[in-house]
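Paired with chain B in one complex and with chain C in the other, chain A is shared by the two complexes that follow.
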Partner chain A sequence: MTSAIVGRLSQALLVLLALSVIGFTGIHSVGNPVYNVVNIETATAEDIRNATIALGLDQPLWWQYCRFMSNVLAGNFGTSYIYHLPAFALVMSKVPATLELATTAMLIAAPCGTLLGLLAGRRQGGWIDRAVLKASVFALSIPSFWLSMVLILLGAVAMGWFPSSGRGPTVLLMGQEWSFTTLDGLRHLALPALTLAIPNVALIARLARAGTAEVENQDFVRFCRAKGLSSRRILFRHTLPNISIPIVTMIGMQFGGMLAFAVVVETIFAWPGIGKLLIDSIQLLDRPVVMATLTFVSVAFIGLNALVDLFYAVLDPRVRLS
Partner chain B sequence: MTHDSALAPLLAVRNLTLKHRGESGAATILQDVSLDLHRGEVLGLIGESGAGKSTLGNAILGLLPAEFDRMGGTILFDGEALDAADSRSWGRIRGRRISAIFQDHTASLDPLMAVGPQLEETIRATNDGISRQDARIRAIDLLIRVGIPDAGERYHSYPHQFSGGQRQRVVIAIALAGSPDIIIADEPTSALDATVQKQILNLLRELVDETRVSIVLVTHDMGVVSDITDRVVVMRHGRVVEHGVTSSLLDAPREPYTRSLLAAVPRLRLSDPETRQEAGENPKSPQPQARHELAGTPPILLASGIKKTFHRRSLAWFPKGHGKPALQDVTVALEHGGITGIVGESGSGKSTMGRIIAGLETAGDGTLEIDGTAFDIARSGARNGLLGKVQMIFQDPAVSLNPRMSVGATLQESVRFGTVRPGSERPDVATMMDRLGLARSLLARYPHQLSGGQKQRICIARALLASPRIIVADEPTSALDVSVQAEIVALLRENVTERGIAMLFISHDLALVQQLCSAIYIFKDGKIEDKGPADFIFAHSRNPYTRTLIDARPRRFTH
Partner chain C sequence: MRAFWKRPERGRAGFARLVLAAYVLLALAAPAIAPQNPYDPLQIFGWEASSPPGTSSGGGYVYLLGTDGLGRDIISTILYGLRISLVVAVTSTAIAALIGVTIGVSAAYFGRWVDAVLMRIVDLQLSLPTILVALIAIVTLGPGIDRIILAIIIVQWATYARIARGVALSEIGKPYLDAARLLRLPTGRIIFRHILPNSIAPAITLLPIELGHAVALEATLSFLGLGVPIDKPSLGSTVANGFQYLLTGQYWISLFPGLALFGLIASINFVGEDVRRSLDPRSRSHDA
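Showing the complex of A and B:
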């Protein structure tokens, strides 16, 4: 067990190292950040040279990378070129907003998708099945900016139930600012979370449907019927656990994706999350923030993958007891 | 067991006709089927694949898929028509009055739920108002009754932690949970080893005598029928061919089909071979004197000191666990042109041995010499040149042919990559088809268009066309019906011996091995338990394990 953990950790470190190289050279090749730091209208050549030296950009790239890495190992991602704040602290300040958005979206998507998939897969070709299949094609193919705008139009403009953008009032909890504890905060969460949830409902429903159709044809489900169990008990106590491994894998991947890449939704709803920070920082060539964000996202993905693996062991005695 | 036939039967199927709506139109699966089942009786339902026996079992359980249409007839259970039952009435029938045991004990249990709770939920579903504690006590009692040792401690063990026989015992306990009147047992012992099969059949018989439950035993195995049934119904192509009391039907079958079914069952002979020679049966090859001449020559294949350990695969990224040895220091020799048998129960390492010889598996230790050439068996991919020397015939022909390649293309490939020995012609596919009794028109077909027997013939043709020196046949007939099995065995014997190929025949069936093989190895737990000439082993071996295997066979089919 110990060797397993050591193996996993060393692999994770290797992934992080590779990612830092790719991210570092990638952002370097996009352009010179110095023009975003100085005021391009008024700056003299002298100013630009001084800024370049101050940021360490006059050094060769490999040297810049080594300095960056040694700082990172000391726990310092550097200072944002634009905001003049410690980069990592800046990223961490955005984490609660992103986390509560992604979590709310997944709390909507996972149960709805699984339930729809179970009901559809149980009677293939039935009306629930056909409705779920058709709706899921729509939900997966409409672009998220369009979906956001339709939801704003319906939920905010026409009905006036929810605010159309921004994050609600926050409350300090465990050293971070959270908005889900207030009613107004929840109302602000509703529309962006729903926008993120809808394609995931479709994805999970399709996956659950395929799993259900397969499991319901297996002998043990037939045996459960023969031994006199109600079909509801069979569905929830036997079919559901048996289809959940691919679903949990998908939830883990999609959740990680929402942490980092919910850019469109965060932009439209002016949600101050990590995706928006990442895109802004890339545009401004704010290398420390980009690197800090990428590192956070990779660590989150690695953590989620480990959680999914742990879930396999919890769920499946054949994994746990071998 | 006697029963008063004046009493109304517990279950009566009357003129049942069922059609199946398939893509290629409707097919009649059951035609005018009638049978009676009395209380405390074991009724055997025997037939080959496609006879409709499992469909009949499912119809009684009300578990037929929607594509089946009832064209006529009724099923009367305790005087009431089951066809009228809606899903709510089925809820009061299934588990409580009619329950089931399926063939595959592994697939019958939910792999993610411990066995105790699976039994407990059945007890709670089939006994109104029973408390959780009482259900658990009853569950443990049932597990003890069906012979699970340490039932209390193993209550929270999962299905994969039990052996196959124990899993089937758990399934039987679940079937008994609602104290049913009838159990539909669909091939309950077909997936088990012979010794375990015997124990499970004994358990079922005990339960019938003890609780007066009735069993409909669906099977293809005459041995099972002769062991525990009171009456038999023989089915073929959806019709009842013949029915009657088991002993009289087996002793004096009236219908030719029943007679041919019985004749196709391989019989184990325990007497000395001399008596058989007098009886004028075909001698096995190589003939005794020929074998004597060969005794001086070295064997064509010598695998010595083979050791193999499988490492269990666990989660990706996790290190390999310690495996249990599959083969421990095993030595096997094949004589030129002879058929050698390996017999053993599941997990004995017999298939692993075959795969190592065929180069499909590596071994940790040992040497392999074929025709005087040594092969490296520790590394995969280091076996060049084996193709023309060793060919393999697998158990399940349905999955051992490429479904996207026509039969002709499959066979041509074998010719192309096989070896042509100097002085002999390249084998011809069409001639081979004729030789194996296959129509040449089949060459254009794809595997799914063929019957199981045809597919296995194609697999034999594929092996023979590569002109090998050795053929490894791993249970080549156990996925086939008995009548087809007899044909395939005859074909193998003729074609292999006339070409001077040495064959390693791996099987769990003693009688089959005795019919075919001149020498036999008996494997147990990765070791050779017993070995010797086939005739000697069965008539005279004093090895206790060999005797156990022989005793596990139905008496009717030994002589």
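Showing the complex of A and C:
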């Protein structure tokens, strides 16, 4: 067990290291951020040279990478070129907003998806089953940016029920600002969370449907039925626990995916999370912030995946023993 | 590939096939049937910008779906955007499949450290969310149609490589390959003429599904302003252009191109699902 954990973690670390080299080389070979730092109209050639030296851009790339890595190991991602704040602290200040969004979306998606999957899988080929399968293909086909826009059009422009952008009032709780504690904050949360949730409802429903269909044909379910248990009790007390492991896995993996996909949704809803920060920073060539954000998302995603793998091993005796 | 053209059984995904065929025809015929050429400034009337659907134009036709913020006919931008979306997706999916399968088969054939290194790279890629890989790639490569094709290839090749390697590994133990080796055929010939054709089938089932992903990915990157250039908009960038007009109620600029995009991806996905199901007997009973 311990060797499995060590093996899994060292593999994850190797992935991160490789990623940092690729990402660093890529991001540092595009554009010249000096022009976003100095005032282009008034800057003299000397100003530009000084700024280049101040940002360390006069050094060769491999040296910049070594310096970056040694700083990162000391917990320092450098200072944002634009905001003049420590890059990592800047990213961390945006994390709660993204976490709040992703968690809300998952709280919508997991129960809805599981329920739909159970209902669909219980009677394979029935009208619920066919409707869920069809709807899931549609739900997985909608590009998330267009889904956001349709929801804005319906919920904000046409009906006026929900605000179309921003985070609304926040309340300080445990040292962080949160939206979900106020009614207006919840209204701001509704549309972006729904956008993130809809494809995941479809994914989870398909997974739950496949699991249910398999479990419902097994002997113990037939026995339950013979015993005269109500079909609702069979579904929730006997089938659901048996299909829960893959669903939990999927939830864990998709949660990491949401952190990454939040890029699109946050950009559209002007949700002040790490996704919007990433896109803004890419466009402004704010390299330290781009590196810090990408590192955070990758670590979170790979960490979550490793956790899910380990969790799987704990839950499923077959994996644990092999 | 034959399964794609096979007559659909019991009308399964038959409608989706029809829609997809219509999309391809429309894209091919775009210059002939579009009311105007949205890339030609001489055919665009700036004072007719943001006209609602049904307005008649100075060019002697009716803007059935309205015009965008620059005065371009929405139907025409959809038709021309469709061409770009499809060209980008088809090119990148085809090249990604070719590269991926070749790499997967080579990894299986050479084994040892080649296999280990290549498969670690595949693991690295598949352990990250696609949008993240695409963002890193496009930030590195810069904007432009050729770059976005390259970015999608970078995102997709790994899936094909993993699948092709698995099949190729089981092929390599077979007698006909021992015979090929004993005949001292050149390595390239063994890989491309003997192993590859026998390991390509499962990768082909993936094609339509990955094509749908490619369309969505290109649209998303273009929407974020990191994709195709603005003067030659794809469906994704057309939708993006309309976003700023959405809040003022000019819904048609982004709604209709988005609807076209959604229909395209959905029809590809329905067909892809059907192809996969009919080629994979295991998933015929319980499709996950």
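Heads up, the rule we're going with is that the second predicted complex is superposed on the first by the 291 of 322 C-alpha atoms of A that agree within 3 Å, B and C clash if a C-alpha of one lies under 4 Å from a C-alpha of the other, contacts with A are read in each partner's own complex, and residues count from 1 in each chain.
As a convention for this text, contacts are C-beta pairs under 8 Å (C-beta built on N, C-alpha and C of every residue); 3 or more make two chains touch, one makes a residue touch a chain.
Please read all numbers here as calculations on a predicted model, not as lab measurements.
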Query - Touching partner for A:P241 - first (chain B), second (chain C), both, neither - result: first
Query raised in the report: After superposition on the shared chain, which partner residues are touched by A:G126: those of chain B (first), chain C (second), both, or neither?
Result: neither
Requested in this report: Using the superposition on chain A described above, determine whether A:G303 touches chain B (first), chain C (second), both, or neither.
Outcome: neither
Requested in this report: Name the contact category of A:A313: first (chain B only), second (chain C only), both, or neither.
Outcome: first
Requested in this report: State whether chain B or chain C is in contact with more residues of chain A in the superposed arrangement.
Outcome: C
Report task. Classify the contacts of A:R233 with the two partner chains as first (chain B alone), second (chain C alone), both, or neither. Result -> first
Requested in this report: Would you sort A:A260 into first (chain B), second (chain C), both or neither based on which partner it touches?
Outcome: second
Requested in this report: Could you tell me if A:Q218 is touching chain B, chain C, both of them or neither one (first, second, both, neither)?
Outcome: first
Query - chain B and chain C footprints on chain A, overlapping residues - result: 11
Report task. Could you pull out which chain B residues touch chain A in their complex? Result -> 61, 63, 91, 94-96, 99-100, 102, 104, 107-114, 121-122, 125-126, 158, 160-161, 171, 174-175, 177-178, 184, 312, 314-315, 317-319, 321
**Report entry** Sites on chain A touched by chain C in the complex
**Finding:** 11, 14-15, 18-19, 22-23, 25-27, 29-30, 124, 133, 137-138, 140-146, 149-150, 152-153, 156-157, 164, 206-207, 210, 213-214, 256-257, 260-261, 263-264, 267-268, 278-279, 282-283, 290, 294, 297-298, 301-302, 305
Requested in this report: Show which residues of chain C lie in contact with chain A when the two form their complex.
Outcome: 120, 123-124, 127-129, 131-132, 135-137, 139-142, 212, 216, 219-220, 223-226, 236, 239-240, 243, 246-247, 249, 251, 254-255, 258, 261-262, 265-266, 268-270, 273, 286-288
**Report entry** Touching residues (chain side chain A, partner chain B) in the complex
**Finding:** 3-4, 7-8, 11, 218-220, 222-230, 233, 237-238, 241-242, 309, 312-313, 315-319, 321-322
